[in-house]
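What follows is a set of structures to go through.
What follows is chain A paired twice: with chain B in the first complex and chain C in the second.
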Partner chain A sequence: MNVFQRVAAIPKANAIILPAAIIVALVTQVPLLVTLVLSVVKWIVVRPDLGINFVGLNNYIQIFTSVDFYSIVLNTIALTFFSILCCTVMGIAFAHLLNRRFPGVNLARTILIAPFFVMDATAGIVWKTLLLHPSFGINGLVASWLHVPPTDFLGHYSLLTVVLLVVWQWTPFFVLILLAGFESISEELIDSAKVDGASAFRTLFQIKIPAIATHIEVAVMLGLIFILKTFGLIYVTTAGGPGISSTNLPYIVYRTSFYRWDVGRATAMAIVTVILTLVAITALFGFVRRKTREVEA
Partner chain B sequence: MIKTKASRRALRILGIAAIWALCIAFFFPILYMVLTSFKHETDAIPPRLFFTPTLENYRTVLGSGILPHILNSAIITISTMFFCILLGVPAAYSIVFGKLKKPDSAFFWFLSTTLLPPVSVIIPVFLVFKFLHLLDTQWGMIIVYTGANIPIAVWMVRSFLKDIPRELLEAADIDGATRQRSFFKIVLPLARTGIISTALLVFIFVWNEFFFAVNLTSINASPIAVYMASYMTQEGLFWAKLSAISTLTVLPPLVLGWVSHKALVRGLMMGAVKG
Partner chain C sequence: MKKTLILIALALAILGGSALAQSGTTLTIATVNNPDMVIMQKYSAKFTEQTGIALKFVVLPENDLRAKVTEDVGLGAGNYDIVTIGTYDTPFWATNNWIVSLEPLFQGMAADKAKAYDRDDILPPIRSALSKDGQQYAIPFYGESSMLFYRKDLLAAAGIKMPEAPTWDQVYDMAKKLNKPSAGQYGIALRGLPGWGQNMAVFDTLINTFGARWFDMKWNPQFDTPEMKKAWEFYKKIITDAGEPGATTAGYTECLALMSSGKAAMWYDATVSAGTLQGADSKVKGKIGYALAPTVKKSNAGWLWAWSLAIEASSKNKDAAFKFLTWATSKDYIQLIGDNVGWAQVPPGTRVSTYNNPKYKAAADFATMTLNAIKNANYDKPTVDPVPYKGVQYVSIPEFQGLGEEVAQELAAYLSGNKSLEDALAASQAAALRVAKEGGYLK
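Now for the complex of A and B:
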């Protein structure tokens, strides 16, 4: 059978999956394979005189012998880990606070989730100018009230500032999912805890939070996938600086690609990013599985 | 007894006030941005609490060359939304109701592509686009965004289709309805709300996307996110105008987000929990 006959032999109800699958493959998987191939060549686009040469694992060796690269990997891990930690804690706290009836609770929920829908470019610029600007932002205003010199957030605490912004954007996402979790807990479970005389504190930590474990997993998993990709916020606020203090893997791949035009090295870094993502997700999955088994045992 | 009741009540009111204060503090950056966008520049820095509102910033900003970028964003976003639904709904349908040998692996294949960091595809996409003259074109962006967002559409729509009882389709089958007919007469109407919410979410993701936009467009096709990022360096510290632009960029996804967030949560949880 040739390709056409084969395609023609697919039942219609199955064939309608093909257009979607083809375009997804063309935009994601095929380029990934090309990236893998490019990562073993030396090709600097702005130096056509040097040509394109196969260099084996040379790009990878160069990356892993550069001290900077290790601090960038560390930045990426720290940014992701601390952001997710803060998002989880604040997400649980806010979801718990908003999981009750009080006047205007729907409005409170509505405004709380708003930051999630603000685009990276805007979130970054609004924070950089209106809020954190040392002279003209709220930052400067508060400093002048307190008669202290304003803090230079982007200069001195660049990575921390990026974490702050990521947390601001992603906490609402955690709240959305965890709130749905809290709402799905059955009344009887809470009532029986009350009858047993458990304090509100104990009910929260020993009954409610374990009951929404799946929701927490989903939030953390998706948070992990998206926060590892953080790019726009860094681009418009710190531009990875000062130095490389707030550069993460996506940002360094961007710099290496579109400033130095070093295709080989950039793609090698991109492959390392993919591997790191997979390792992080697998590790998280493993951790979750182990936890679940412990609970079941 | 009465006293404790009163003090309990006071405590409750205090608690509610505290919750409200926290939410407002969290929302403050957006609130402050919107307020500043209605101020004269002289009221913006240092910020005055009381001011006479003006629409002047919006007038200036809309007259300053932002319109083509809003138009780019609108065209790219709406087209992507259209193609994602056009291709994603049938794909989800064939996963749920089709005769695939392994519907779950097809689904997980779609899911797995969302794990891929965009940096791992950008260079080949850039090179191919350069070769095909798709750089800095609306079509180029629509293709990339469609490919990147179909998995999300499939993920969400699948969860809504799973709610449709199979018996309904089997009954239609027995009544002699063709597959096309039952798709258009039964599946689509029942999943309509879910499909609309999915479309809105694709809108939000695409409108807000930055990485592909900044790397694949420059002048002609650049959406508002890219314009936004370059505005600061072009115009300097006119914060009331900056706020007006920011507010314009935020408005569409914010409104749609408020409409569709329940569906988002539902779709995500369904996809993750029930596999």
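Now for the complex of A and C:
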């Protein structure tokens, strides 16, 4: 059977999706293959005289034998975990507060979700210069009112400050999803709980939150994907420093690519980042699924 | 007679054809978003009027520009005809054949145009820094060194007299006296923001003048020497005792804002900042004094830098690009900006004639000090002990972008107290050793 006969033998329904499948494969798999190939070469863009040489797994070995790499992985985990934890808790709290009728509720909702629509770079610069800067920011102003030296947030608490900014920016996203969840709970269910004498506290933790478990799952999954690749906020606020104290995996890939111009090492890091991200997402997905089943049971 | 007419007609046709060909040309220029370049972009319509050559600007911040144009030449994309690069980039871009030598183009210039352009008027230290093996590869658009800015009024009130060439110990003592944080006044503004073009630019001049160096003649890293340790300790001491709070978030822009808003009594930075400090928006206009870069063991501690224009090797419009280069760096351009924008705003640090111009001297009280700072900068021999590299505020190797960034982060970690001096120096030593080995420099 030649190629044409094989193509002719493909069921028509499958043939219809073939062009789309080819485009998707070209757009997603070809870059991945190129990245894999580049990760096993030594190629310093600014040193063309050294050429492009095959080095096997040397780039990967150098990454895994670097102490800094483990600190950066820990930074990434800490940044992602604490950001998602705070976003989830605050998302539930704010969504619950906004899930009721009171004058100005729509205005309150709009104000609360506004940070989500501010660009990373803009948010970072505003926070860095107008709010947190010890000389120009509100930070310095408040410190002078209190007659105490201003706190150097981005110098002394860099990772914590990045977490704060990520939480500020992403909590509205969690609120949007969880608010939809709270609004989907039937009034009858809540009324029944009230009739049975359940307190507001008990209603929240034993009825409402379990009822929105799927929404929490979606918010956490999407939050994980987006927060893991935080770049813009770090770029404009701390540049990953001081030292590597606020460097995460995407930022070190950028630094290796555009300061060291080491294509091999940067692509190897990118591959490792993708693998770690997939592992984290799969693990979290399994955990959330188990918890959801337990709650549903 | 007929033959002569035919020859003349033919010559006119060729010249006309060539002019027509150029009038349809569009040059793509990658440039940096600083005030002088923005002015150039604004007045570039005059060039198009004169030559018919259209211009398309891609304007980016310094770090983004370097990444973008390096990507362009390194990967052979060939998107730009003209690129804006610095004294750091020019030598190795020339070695990599990413930009063309300008010698053949200068030689092809008509005698009257060459005379009007007056290439020998370009300041020799800057021209030398933009050349390799005697061939010039880029033309400076503006040049700078570093110097100490100080508030004459505050120093006078404190009874302090600033020497023309102060030492760092003297600067420290003055900064301590003038440091009044409770009144919103810091003794000195110094860059602490990590980056090889940020804190390292200033700190490298301290490394040199303290008698330290990045590498010895065999490319062995030198971060474990007592001189290097002293330089790091001093920088932290002066910033902690008399500098701005949150120094690791203060780069060039923040320090300029501190000085121009009257919050700093002194500032050690680029000479080009003098124009802004004496500008109409500055709160300290008329109150600024100037001194040469502070020293310890080595005199002539100031840096040398020039944002310059070069032609990409892949450009198909090299003649048109050269026309633009010689227009934007000509005496006529300086006259144009002086007449239309103001003499204090003309591109400084490139031509001797600018500093002989009475209008410039009258408008810019910093002119003499800037010229002296540039002339004093020791680009070829930046350190006390001999080194195998050139460059004052950088090491002239392609890998310095990455190495400088790593050491800059270590310095910031030490300044902010996140790392001990020993750990920061050990990490810097390891990074320098890796670069020396991987780059094939270590002997």
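One rule holds in what follows: the second predicted complex is superposed on the first by the 265 of 297 C-alpha atoms of A that agree within 3 Å, B and C clash if a C-alpha of one lies under 4 Å from a C-alpha of the other, contacts with A are read in each partner's own complex, and residues count from 1 in each chain.
Keep this in mind: a residue touches a chain if its C-beta (ideal position, glycine included) is under 8 Å from a C-beta of that chain, and two chains touch if they have at least 3 such contacts.
Note that the coordinates shown come from a computational prediction; the quantities given were computed from them, not determined experimentally.
By the document's definition of touching, of the two partners only chain B reaches A:Asn14; chain C does not. Look at A:Ile271: by the touch rule set out above, it reaches chain B but stays clear of chain C. When both complexes are overlaid on chain A, the residue A:Leu97 reaches chain B alone and has no touch with chain C.
Once the two complexes are laid over each other on the shared chain, residue contacts for A:Val41 go to neither chain B nor chain C. Measured by the number of chain A residues touched, the leading partner among chain B and chain C is B.
In the overlay built on the shared chain, the residue A:Gly155 is in contact with chain C alone; chain B does not reach it. In the superposition on chain A, contact of A:Phe136 is made with both chain B and chain C. Applying the stated contact rule after C-alpha superposition, one finds that A:Val166 touches neither chain B nor chain C. Contacts of A:His215 after superposition: chain B is touched, whereas chain C is not reached. Residue contacts after overlaying the shared chain place A:Ile84 against neither chain B nor chain C.
Shared interface residues of chain A (contacting chain B in one complex, chain C in the other): 128-129, 136, 258. Across the complex, chain A is touched by residues 67, 70-71, 74-75, 92, 95-96, 181-182, 184, 186, 193-196, 244-250, 254, 257-258, 263, 398-399, 401-402, 405, 409-410, 412-413, 415-419, 424, 427, 438-440 of chain C.
For chain B in complex with chain A, the residues that touch the partner chain are 16, 19-20, 22-24, 26-27, 29-30, 32-33, 36, 45-47, 87-88, 90-91, 93-95, 97-100, 106, 109-110, 113-126, 128, 143-144, 146-148, 150-151, 154, 179, 204, 207-208, 210-211, 214-215, 225-226, 228-229, 231-232, 237, 239, 242-243, 246, 249-250, 253-254, 256-258, 261, 264-266, 268-269, 272-273. Residues 11-17, 19-21, 23-24, 26-32, 34-35, 38, 94, 97-98, 102-104, 108, 110-131, 136, 138, 141, 168, 171, 176-177, 180, 214-215, 217-218, 221-222, 225, 228-229, 231-232, 235-236, 249-250, 253-254, 257-258, 263, 266-267, 269-271, 273-274, 277-278, 281 of chain A touch chain B in their complex. By the touch rule above, chain A contacts chain C in their complex via residues 44-50, 128-129, 132-136, 140, 144, 147, 149-150, 152-156, 158, 239-245, 255-256, 258-262.
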